[in-house]
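You will see subunit A twice below: alongside subunit B first, and alongside subunit C after that.
Up next, the complex of A and B:
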């Protein structure tokens, strides 16, 4: 088959915050740059981010990058790499100023500076008291960010391939990344993008869970492609859950609802958080509330016919307060839970929100993996940034507003690294023979499968398996069963069948391809979670409880290390956490408590 | 390329399905995706065209309209937006918190 080859200096897969930020660096350096996206760039999931982006500008309160660094290390439960964290926190101010120059309409103080608001976990003076560090553009931060960067890219002549799906990474015989294969949805045509640098910026994979705040687009394509190309995935056991997603829909109900007096109740109508967190009650941190909810459900005090959710109650608030202070919440409840929260409580469950792990990178955005001698080596030609990457700055738990910062800082550093590497090389390396064969074989299998499994069934199976076995609170026996079950589900995914065989706009085919990526992420997450026998950050096991020897269940002697999962043989390896920052002293291990 | 001329009927719907279920916000994936399955076929041709036009708008604009946070001033679009909003509330009333929907329901 004759597969068209498009030649670029650099190809970026993903047009969310991280992809657009990288593209600016490449195009403005004069490189011929392609950006591929499953959707129009300004429809990427970054739009959903409202809370803002963290930077120690010090406009509203005195602040310092070192304090931000401390908060991030602590938030990560010491699993974050301290060199990358120092890098990110030091670069934050510049990242925000760059955005401002691109035309981002940040909220302002009266004297014209960028206005900053507080956000959980961000403190001044090494954990002393909350600091206002988040920069936002009303409740449209992500949206405004994408628009500003998209415009800048248009000006810089970045070439966009919209409604294209990247399928697989192309590596040559020496393992160097030399391009990707991609499918144009409108025509069904497979094309090879031959390039000197490939940057993955494909976002999160939250759709592996049944209950997820993530939009449907978050199917972990970048992770699937990396895993199939032999690259390990790092720290995939760490998923952040948000306590209040609407049961059955996943749509996020903001923390503000509890801030205004909303309370959680079980089937006995009890305000159960009083038992778990006598002081903070319903306002305790996300992980504490999520685990309490799960315990209530597990012990049979959940609500509804299957007793599998709890209730978020605001019926005691004045309707006027609800309308004024919590606009949008009433409509979300009516549209997605079918209840008017003025009259009835909202069914909620802890809901998957953010993926801390991903494709392993260093702080310069290079993808790194152990070489034959076990040394962490750069994979030439390959870079990653944003939620699909693991630098690792979020470690075992991400702080709110640090993710948008991660996109900007590592989007830029990945772009800069790619520019330097491309300029140092004289020409494109050759494509391997039949570079598209692997992708074509996958497509062919999907097109010709008979008596197979529908995409709908396979996705349900993945999501249910993850939700039931590797949710917010984890149990040794369930994790073990989960591993067996997800490998069974994988067999179903190998037999995906689609009824529609057309070429043009065959969305069934695209969804089958997405499912093949979801299963890689699901396996990585389940197997990594089963293997890590301690509790840390978002990974909390029933059999690793809080004891004097292991506060919070964390066991630094054995488990202060990053997980690496390999697709081949489902092998697990570990690598050390980088405890040495770039210029300052190590932030020493301590028990994480707020 | 986005306005490809030779799109068949099936392809038009497939493309629309993609644009309704791969949006920036989960709220809109759910709302537009379900509306497309359940109500779109019964719309008049004129309304269908307007729905397609709306599906090409951005969520930051569309969500405030269908959630009633903002009023859409365009009287041409308004009836379909009202319909979406009413559909959402009616669909919500049937919401089953016990049934999780990990992906857009049925495949073509």
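Up next, the complex of A and C:
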């Protein structure tokens, strides 16, 4: 079959925050760049981020990047790499100021600077008390940011391929990444993008869970493509459950609500976080708050007829503050919970929100994986940034507002690395023979499968399996069962059948392809979780309880290491955590409390 | 779990197999968790996966799932199922070419958006820190920057239907005013010149369909009025 080949200097897959940030670097450096996205750029899920982006601007409270770094390391439960964390926190101010210069409509302080609000886990002076560090545009920060970056790309004449889905990574015989295959959704045409740099900015994959704040499009396409190309996925057992998803609907309610003074209450009207985190209370780290909420519900102090949620209360705030700082939240509460938060508290439950793990990278955005000798080596031509990547700055638990910072800082660094590498290299490397065959075979299998499994059924099976076996609290026996079950589900996914055979905007085909990515993420997550026999950050299991020897169940002697899952044979390997920062002293291991 | 049946009448057209578009009568079983139109569409799609529509965030911020619902443009994810008379008649957004089923070709819409130079223009060397802006100056952007580019407004505007290639349309003009109103932007004259034309701005006849349908409660007509004021003021 004759497959068209499009030649570019660089291809970026994904047009959310990190993709658009990378694209600015590439376009402004004059590289011929293609940005592929399943959706029009401003529909990417960055748009749904609400509360803000962290940077120690110090506009309202004294602040310092080193304090931010400390909080991030502590938030990660010491699983984050301290070189990458230092890099991110030091670059934060510049990253946010760049956005302001692009035109992002941040809220302002009385003296005209960028407005900042408190957020969970962000403290001053190495964990002392909450600090205003989250730079916000009302409660629509992601929307304002994504649009500002799209607009900057319009100015820079970036070339977008809108409603194109990348299918597979193309590597040559030496393992160098030389392009991707992609499907134009409108026509069904498959094309090879031949390029000298491929940047993955494909976002998260929270749709592996039944209850998720994530958009329909968050199906881990980059992770699936990387896994199929033999690249391991790092730390996939660590999934963040956001404390405040609207009960039933799953829609996100920002932590900024608590930053502005909101509190969580149980059926006794008690502000229960005071018991779990006496210092930070409702602004403790997300894993801590989600577990506290789950415990309250489990112990019978949930609210509502089924006692299955808790209440997020802002009725004590001035209506004017709510209207000014949290207008989107009011809208969401009325739309999806049927309550006006000015008058009534919002029913909330912990909801799957963010993937801490991903494609392993260094802080320059290069994808790294062990070579034949076991040394961590850069995969030439391949870069990743944002939620799909694992730098690792979030370790076992991400702090709120660090995701938007991650995508800005590492979107830029991946872009800069790609620019430098492309300029140093004279020409495109050759495409391997039949570079599209693998993707075409996948498409053909989906098209011709008979008596198979529907996409709807397969997706439900993935989501149910993950939800029931790898939730907020994890149990050794359930994880074991989960592994067996997800491998059974994989067999169903291998037999996906679609009734829609049209070439034109075939959404069934796209969803089938997405399902093949979801299953890779689900396997990686379940198998990595079963293997990690300790509790750390968002991964807490019953057989690793809080003991004097292992406070919070964390076992640094055996488990202070990153997981690497390989698709082939579902093999697990480990690599050390980078404990040495770039310029400052190591932030020493400590028991985590808020 | 109690289920109930929701009846639909949906515009269907797959150019790969259909000679011409047709209206399909179809129903979906929904339960008490299915509050929004998009929830019902998801159920419908599980039954008939050939139904094509766009969707993503399912919370009204990405702007993907704008369709014509019982004659009025709106977002499926924000439309309360119970508020709709049955059969629920779904059509693609009016005035744009249909690609398939409920999916329209939005090229013309985005072309108009791009035509207003939707980015901040400030030619001073950027300062080391943020540019300052007072709270009052920032408030001017409220009701403007929140646009999600769903196209509900422009595709409900008769002036846009007649002249989609010449009239910028309410969404594009709302964005134009978003930059005109930004104290950090220096291209006021250039922006006004760009709109000084019998069609680009002045085809707005304040019919106000745009205000009526905007799922974010924005008011493009008011923004257009302010641009017209600026046009007048620069000649007096």
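We adopt the following convention: the second predicted complex is superposed on the first by the 492 of 594 C-alpha atoms of A that agree within 3 Å, B and C clash if a C-alpha of one lies under 4 Å from a C-alpha of the other, contacts with A are read in each partner's own complex, and residues count from 1 in each chain.
Simple rule for what comes next: contacts are C-beta pairs under 8 Å (C-beta built on N, C-alpha and C of every residue); 3 or more make two chains touch, one makes a residue touch a chain.
Every value quoted in this text rests on a predicted model; they were computed, and no experiment measured them.
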A:217 touches, of subunit B and subunit C: first, second, both or neither? both
Touching partner for A:53 - first (subunit B), second (subunit C), both, neither: neither
First, second, both or neither for A:34, with subunit B first and subunit C second: neither
First (subunit B), second (subunit C), both or neither touched by A:329: neither
Which superposed partner A:443 touches (first subunit B, second subunit C, both, neither): neither
First, second, both or neither for A:152, with subunit B first and subunit C second: second
Touching partner for A:45 - first (subunit B), second (subunit C), both, neither: both
Touching partner for A:251 - first (subunit B), second (subunit C), both, neither: both
Partner chain in contact with A:455 - subunit B first, subunit C second, else both or neither: both
Residues of subunit A at both interfaces, subunit B in one complex, subunit C in the other: 39, 42-45, 47-48, 140, 143, 186, 215-217, 248-249, 251-252, 328, 331-332, 335-336, 454-456, 498-500, 502, 504-508, 511
Interfacial residue positions of subunit A with respect to subunit B in the complex: 38-39, 42-48, 140, 143, 162-163, 185-186, 207, 209-217, 246-252, 304-306, 308-309, 327-328, 331-339, 347, 454-456, 459-460, 462-464, 467, 498-500, 502, 504-508, 510-511
Touching residues on subunit C, where the partner in the complex is subunit A: 14-17, 33, 35, 45-46, 49-50, 52-64, 78, 99-101, 103, 106, 110, 114, 117-120, 122, 126, 128-135, 137-138, 141, 145-146, 148-149, 179, 182, 184-185
Contact set on subunit A toward subunit C in their complex: 39-40, 42-45, 47-48, 57, 96-97, 100-103, 105-114, 137, 140, 143-144, 147-148, 151-152, 154-155, 186, 215-217, 248-249, 251-252, 328, 331-332, 335-336, 454-456, 498-500, 502-508, 511
Touch list for subunit B against partner subunit A, complex: 1-2, 4, 7-8, 10-12, 14-15, 17-19, 21-27, 29-31, 33, 58-60, 67-69, 88-89, 91-108
